[in-house]
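As structure tokens, here come the structures.
Here come two complexes built around chain A, the first alongside chain B, the second alongside chain C.
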Partner chain A sequence: MVTHLAFWGLAVIAVLAGVAVFVVNSMARASYSLALSFIAVGLQVLLLQQLYVGVLVILMMVMEMAIMAVYMNMFMGMNPAMMSMNMVHGARHALPVSVGVFLLLAAGALFAPWPSRRGSPPADVTAALGVELMGPKMLAMAVVGVVMAATIVSGIVLAAHRTRYDRFGDDLRRRRPADPQPGGVRR
Partner chain B sequence: MTVRTVLLVAAALISVGLYGALSQQVVVMVMMGLELMLNGLILAVAGLWWFCAPDPSGQVLLLVILAAMTVEMAMGFAVATSLHRVRRSDLTDTAADLSG
Partner chain C sequence: MAEVPAAVSGGWAPVAAVLLGALAVAAALLDGALAGRAAGVRSGMGRPVGEVARLLRQRRRTTVAADRLLWRIGGAGLLGMALMIITVVPLGRWTLFDLDVGVVWVNALDVLAWAFVWLTGWGANSAYALVGGYRFLAHGLAYELPLMFALVAPAVAASSLRVGEVAAAQQGLWFVVWMPVAFVVYCLGVVAIAVWGPFSPALGRDVAGGVTAELSGVDRLLFLAGRYALLAAGAAFAVPMFLGGGAGPLLPAWAWVLVKATVLLAGLVWLRRRAPALRPDVFMEVGWLVLLPAVLLQDLLVAVVVIGG
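Up next, the complex of A and B:
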């Protein structure tokens, strides 16, 4: 009974906080609303006995939203706490499309003949996940690791203001880098 | 709490996120819409895992979704930074070069 009440309470918080992301009039509040929605979903995942993934969702998303709030302060060129931001386009189509998608997904969720549970959960879900990752599913994690490394490189390439080609020319043959402010020790 | 109710809540989160991704003009707000959709996806996969097939390998899919969220966020921030640097703008309407 307590689990059911907690689930529905968290569900209401998750959805309302999700709606608030696009309703509140500051980007900082939108970030924190999204963080609240993620925390509620993370707690729901904990209710579903997936301790490691639930805690991971909460920790990761709280940090990510904190970075997002800082990012908005830095780049968005507006007062992140006060300025109104009713900046939408195509809302006339977006609303019916999203309502239609909800009705479709809800119909599938409610009327599909979901199978009964096959097997039983392991006694220690987190330990079982660790064994799985270090054993049969190691390839999946190895691929994710490579994708993460590629993301780091791509992110730096996209976000970097000046790269080695700006400094040393397209063929990298310039002897002295063309820096706007020469650095290092003068010799 | 059944598989149906969990999926219903996930459907609501995905739909709200879809509205944001389709309607918002600021790049970061579009990313927030995508994040909200992935949030719903996490809940749906977690619910399906618990109620239908609580096998340890199913949890690996959740970790892959979390990795996808991280990649989306990192690349989105990088693209938004690049866009802001080149065009002094953070709106999707100013980055419609590839729009058909």
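Up next, the complex of A and C:
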């Protein structure tokens, strides 16, 4: 009973915090409303006994929102005093569409004929969930993870303004790199 | 194999909080004494007490158009983080929260420092405070990944994410002995989330106190207490992770946990006046090019030992 109440309470918090993202007028508040919404979802996952996934959701989302708040504030040059940000663009069309999608998904979740439980949960629910989601494609998915990380690194290397020729000279002969901001290990 | 700690009733939570508070107060007194010795005065140890009394009576400073909600959340958050961390730290035979993913739990909580310290800097609507907040995040980008991989090493060696099992897996040999790199990086991470010593440029004098520039009264007290509490909680969590948990001769296990935590905490407090401040821009490269590869090699070594042995 308490678990049910907590679950529904967290669901309400998650939705309200999600709404708050589009109501508040500062990037910091929007980011951390979203973080709160995700934390509520993470706690719900904990209530479902998926402990590893639940804690990981909280970890990832708080870090993600912290980084998002940093970049958004840096690029938008905001401070708390000039709060006049609006997260909603093209509200006339976006609002009905998003409300419609929310109702559709919520209706799907509520009215779908969920199967009743057969058997009991396995000892290691995290491993069972992974096998259920990926099955025989586990190795491929693990490799995709590494490829994605490599893609991010290559993307940054390609996007970087300064190349090794800027740092070490046209013939790469300079011993000390000419960096405007010297690094910590003198490479 | 020592026994794995059992969860006690939640009614013991205040006792854990009092223990954490006692460690934090001890850290503050030691810091006061060290500061007094450095300044050549005798009454150094009493200074933190006087400071608490002063802050409790001080009137709150207000700034124009502060984001008060986020400011208060950030200031009080560090203390909350520390309290949540010690729920999974076993004290000898007992633990408050016997979570089977305790190591990830602590990791998720230490990431919250990013939010709380930055929000404290943001909320005041003051340029220097915000500069301090960004300095902390720049440090964060460099220390967080090494810290995460440092926590991986003991978990891999124990083949468990349950903190009690990690402690029990060190009966023969403490993890600090054969994974020193992970231990050092972990300690750096603790110092960093407490915005302490080498990681204090976020509170630097050159930016008028940085994150704490506009904090006053009870808000300042909460923030400072949160830093000491985080230092204490980090030292306490190192005990089951690296320092053999409650293992030791003569004394009971719970006493050994407290002794080890206190000694490590004293070391971290002492470090404040011994280690130079790490400039965020310089430390960024150190974190990514030195600490991260070093701790990854440590993880590899641990994994090879675990699979081979």
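In this text, the second predicted complex is superposed on the first by the 130 of 187 C-alpha atoms of A that agree within 3 Å, B and C clash if a C-alpha of one lies under 4 Å from a C-alpha of the other, contacts with A are read in each partner's own complex, and residues count from 1 in each chain.
Keep this in mind: a residue touches a chain if its C-beta (ideal position, glycine included) is under 8 Å from a C-beta of that chain, and two chains touch if they have at least 3 such contacts.
Note that the structure is predicted; figures quoted are calculated from it, not measured.
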Based on the superposed arrangement, let me know which partner A:Leu56 touches: chain B (first), chain C (second), both, or neither? both
Kindly classify A:Gly18 by the partners it touches after superposition: chain B alone (first), chain C alone (second), both, or neither? first
Which partner reaches more residues of chain A (counting touched residues only), chain B or chain C: B
First (chain B), second (chain C), both or neither touched by A:Arg29: second
Could you look at A:Leu95 and tell me whether it touches chain B, chain C, both or neither (first, second, both, neither)? first
Would you sort A:Ser120 into first (chain B), second (chain C), both or neither based on which partner it touches? first
Overlap the chain B and chain C contact sets on chain A and report the shared residues. 52, 56
Could you pull out which chain A residues touch chain C in their complex? 26, 28-29, 32, 35, 51-52, 55-56, 58-59, 62-63, 65-66, 69-70, 73, 79-81, 83, 181-185, 187
Hey, which residues of chain C end up touching chain A in the complex? 64-67, 69-70, 99-101, 104-105, 107-108, 111-112, 114-115, 118-119, 122-123, 125, 130, 134, 137, 140, 144, 161, 279, 281-286, 289-290
Residue positions on chain A within touch of chain B in the complex are 3-4, 7-8, 11, 14-15, 18-19, 21-22, 27, 30-31, 34, 37-38, 41, 44-45, 47-50, 52-53, 56-57, 60, 64, 68, 71-72, 75-77, 85, 87-91, 93-95, 97-99, 101-102, 105-106, 108-110, 114-122, 125, 128-129, 131-133, 136-137, 140-141, 144, 147-148, 151-152, 154-159, 161
Can you check the complex and tell me which residues of chain B touch chain A? 1, 3-20, 22-26, 28-29, 32-33, 35-36, 39-40, 42-43, 46-47, 49-57, 59-60, 62-64, 66-67, 69-71, 73-75, 77-82, 84-85, 90-93
